[in-house]
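Each chain gets a letter, A, B, C, D, E and F, in the order it is written, and its residues are counted from 1.
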Amino acid sequence: MIPDLGKYAGAVLSSYAVSITLIVLLVAVSLWRSRRAAQALREVEERVKRNG
Amino acid sequence: MTLKVLDLGVSRGGVPVLEGVNFAVDPGEAIVLTGPNGVGKTTLLRTLAGLQPAYGGKIVVPDPEAMTYAAHADGIKAVLSVAENLMFWAKIHGTDGIDGALEAFNLRDLADRPAGSLSAGQKRRLGLARLSVTGRPIWLLDEPTVSLDKASVTLFGDVMRAHLAQGGSAVIASHIDMGLEVRVIDLTPYRARAKVSRDYDEAFL
Amino acid sequence: MTLKVLDLGVSRGGVPVLEGVNFAVDPGEAIVLTGPNGVGKTTLLRTLAGLQPAYGGKIVVPDPEAMTYAAHADGIKAVLSVAENLMFWAKIHGTDGIDGALEAFNLRDLADRPAGSLSAGQKRRLGLARLSVTGRPIWLLDEPTVSLDKASVTLFGDVMRAHLAQGGSAVIASHIDMGLEVRVIDLTPYRARAKVSRDYDEAFL
Amino acid sequence: MIAILTRDIRLAVRAGGGFGLGLAFFLIVVVLVPFAVGPEVRLLSTIAPGILWIGALLACLLSLDRIFALDREDGSLDLLATSPVPLEGVVAMKALAHWITTGLPLVVAAPVLGVLMSLPVEGFRWLVISLAVGTPALSTIGAFGAALTVGIKRGGLLLSLLVLPLYVPTLIFGAEVARAGATGLDVETPLVLLGAVTCVTVALLPFASAAVLRMNLR
Amino acid sequence: MIAILTRDIRLAVRAGGGFGLGLAFFLIVVVLVPFAVGPEVRLLSTIAPGILWIGALLACLLSLDRIFALDREDGSLDLLATSPVPLEGVVAMKALAHWITTGLPLVVAAPVLGVLMSLPVEGFRWLVISLAVGTPALSTIGAFGAALTVGIKRGGLLLSLLVLPLYVPTLIFGAEVARAGATGLDVETPLVLLGAVTCVTVALLPFASAAVLRMNLR
Amino acid sequence: MASIWEYANPKKFTRTVDVLLPPVAVLAVLALVTGLVWGFFFTPDDYKQGSTVKIIYLHVPSALLAINAWLMMLVASLIWLIRRHHVSALAARAAAPVGAVMTVIALVTGAIWGQPMWGTWWAWDPRLTSFLILFLFYLGYIALWSAIENDDTAADLTSVLCLVGSVFAILSRYAVNFWNQGLHQGASLSLDKEENVADVFYFPLLVCIGGFVLLFVALVLLRTRTEIRARRTRALLARERMT
């Protein structure tokens, strides 16, 4: 499956691993924060609506 | 030099604190702002002084450089002497002589003391003495008599009367009675009732 | 827990400020120290609290850890919330619960606010609330009601009365009447008359 | 006591300081050196262990004034001094909090910066070990200096002046370990000495610091 | 305006800071380097110009937070902002005062420290010239950083993080002049560039700093 | 015609993001997967660089984005300073961590590439060095944002920092070039066909760049919306506490 990378396999694979991990982390953190912010806002807005 | 405040709104930390404040202070007049802790006296004074932008309404004053502001932090340098501290502000404002101010606040004996070694009340007197050397007509004072003993409160009252007699004016925030016969404005009714808008803006409220 | 002061002398910056001060404070009793600015109230309180050595005389107290001191600087961290600030001092003093203190000084609504965003009077209330969480019987207070509005002064009076009723005591420096019926000691007569001695010692006076 | 530790760490994190900033400073010093001495790899790798140690030392130094000065300004120190917690404990906890927020991140980040300075690969391990053993001493000594200058407004420079000479033994042994490690020489002797310096300072200096603080509060 | 200059200098002198401390820090950094990298003269004289520049830069950096933070804390900055003096003038005067108390002593003392670092004698002149031309930029850029962080308690580390990248061009050209001078190469190009950087920063940055200060006072 | 500034209304912007985000995100994932799979599995090795040439599909797009993210922040900062639209300031804030991560990816992949190609992880080559400085600028920018409590003040200050920082970044680039001539590749994506990398590498690279750009857009939209909501939450909470 994985193409023959020769003696540079370590370099190529590790750079893909690092980059993809970083990107996935960034996306995950962004999504998580987005969800939390949406949730917090919803709660506050509901409270505001109830209390006028 | 009339200071007019028209429908003024002030905010702190992005939140409206007071709104719809209206008053005018004519030369020779002083007003006292009162209201419970946290109502927004300090915020209002800082806005008048031009240190922060108003949130709504208008401040009308012929010359914004006519005002001077004195807060809890007096701009006193601990390592400079009392006289040196005053002299600096006199030079900055291009006025001459600090003798009058030293005299008025009974600071002559302390003139050569480093300001850092003054007691709380003595420091406060120095802070008030700075007002006289600015030579500006409109004073904005935030709790000026804090830590002052009775004699010093009287001194302050005398200075204030002299200032008003010369056509000066003052806006004073205070909780305690200073023995001045002046107009009192209670800020409690002007508390901001920030409206929450659906299509948010105005910093998203 | 009676605090007794015997012929006490205090000094500041190496200069004697007060001498021959005598008084005793019994449990359930509070005294107010007055005197003109610079007479030495703050210095006396700091000496009582053990923050600086006495210059002469004696402070008799069964347990030096029975006292707690509150000055203008309240030890408030701007980035911590009101509750976090109080909680820290409660933990340090091994007492439990800050609810009573929050309640007593009407800070419940502000509990989650960062302390840096409080107004002058609100900050002062937080500083006073710290006293309750220390759980100590003898309070040494330096101008506690500065910046407080009338309602808060009343709150403070209530807390003080409750403290005294529980057998606590207090030494308070103040220029203004706090609505407490207590013994007042004027420090003016105790001003130090520094004698210059020929064979100098005592830091060369 | 734990309350002091957690409070100090929380304060450091909230104030935007926290773990990141000491690290960033370390990084910057390391980046600036090549700009100043030129980009030749041979030269850089020779001076790398020394410069990394100096960088760590300065990063530590710059955050020292936070240990006591803030607490002094807002009156907390007066209150802590009259609290039931012994002042020695306060000092030790504050030094520990300083180490956790400054020293520890440096130890972790050192290898990355070693790469920037072309440090030979064999040197990495010893660099990290020397920093791990040495930085607690830096924080403890720093707390002592901070206690000495606590009464002085913006005593930053004076503090550096007082503390840097005290850092010399730690620096010499620490850099020696890192240097010997990088060139494959014997690291044992300097490492033992470095450990000894750290042990002695950590054990004894908090008492001196507490005494100094008490004098300063008067 | 002159009043601000004299006051700031007087404050620096009275606070025990003044001329001595920046200098002392410079000295200490220079003294520590041999401890860290080892005592070989050849190595030291190669890195001497760079290390001296880094020392100057750090000495400058450490005293930056005094420019505005103290005035902010005690309310002077509010009062200065509402005074008849334009804020740009205040910033410029304060940067000048900082240069006089920090940069100027470094320029004067550099040759002495050059001796300690075995700098070749021909390099002295260019070291001094490069510092004289470059340090005003350091103070002005520093004042900008100090204005940015004036609202932050103990923003020392953040200040360094913000300011050091801005120092890069000055450092590169300055160290290049000193290095080229020491090895007898052409100094003219980097010197002209260094001068240009200084002129531009000194002429423009005070406006940015004043704007930033106004934003911070709100 | 409606003015573009209408989108400066946070509510309107949020709604637009709600509509725009899913397709952009899907496209980004598609392009990224296509480009990376194509590049990793179906391109030959370079005769000189061997299989390491595959790193180009990560290195070049992230490097491009690292620079362009800063440019975007600069533009957004200018809009905030001149027209005072909050969304613009928040977009700059949202982009900074993305740009910083891109810078890290470029640095790390470059370092890993450098080991086999130049025999060293790191060299003080001008392009590398100026990237490191860019990273420092990102760090300072993010740190300044998080250190200041008042949102508007933070927006003001970081905007000015971005402006001044850009000028100094260009100056530094110049200075660094003067200080050292480097090892690093020159531009190889110019329109001039002659100088380009071979086509086999070129097309998957273009797809990857497209994927990274789309990813950047999606992330900035998402994070800006988050910032807007957080800001509104803060404002509502503050108001609630006040009354």
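Keep this in mind: a contact is a pair of C-beta atoms (placed from the backbone, for glycine too) under 8 Å apart; a residue touches a chain by one contact, two chains touch by 3 or more.
Please read these numbers as outputs of a predicted model, since none were measured by experiment.
Each step here moves to a touching chain, and the least such steps from chain A to chain D number 2. The chain pair with more C-beta contacts between its two chains, of E-F and B-E, is E-F.
Chain centre most remote from that of chain B: A (centre = mean of CA atoms). Chain centre most remote from that of chain F: C (centre = mean of CA atoms). Centroids built from CA atoms put chain F at 34 Å from chain D.
Inter-chain centre distance (chain A to chain F, centres taken as mean C-alpha positions): 16 Å. Note on chain placement: the centre of chain A and the centre of chain B lie 51 Å apart, centres being C-alpha means. Between chain B and chain D, the centres computed from C-alpha atoms are 45 Å apart.
The multi-chain contact residues of chain C, meaning those touching 2 or more other chains, are 72, 117. The set of chain D residues that touch two or more partner chains comprises 15-16, 21, 24, 28, 35, 38, 153. Annotation for chain A: residues touching 2 or more other chains are 48. Those residues of chain E that touch chain B in the shared complex are 3-4, 7, 10-11, 14-15, 71, 73-76, 78-85, 217-218. Chain contact summary for the complex, chain F toward chain A: residues 36, 40-41, 45, 50-52, 54-55, 58-59, 62, 97-98, 101, 104-105, 108-109, 112-113, 115-116, 215, 219, 222-223, 225-227, 229-230, 232-233, 236-237, 240. Within the complex formed with chain E, the residues of chain F that make contact are 133, 136-137, 139-140, 143-144, 147-148, 150, 152-153, 156-157, 160-161, 163-165, 168-169, 171-172, 174-176, 178-179. Contacts from chain A toward chain F in the complex involve residues 3-9, 11-12, 14-16, 18-19, 22-23, 26-27, 30-31, 33-34, 37-38, 40-41, 44-45, 47-48, 51. Interface residues of chain B facing chain C in the complex, by the touch rule stated above, are 12-13, 35-38, 42, 72, 117-122, 124-125, 143, 146-152, 175-176.
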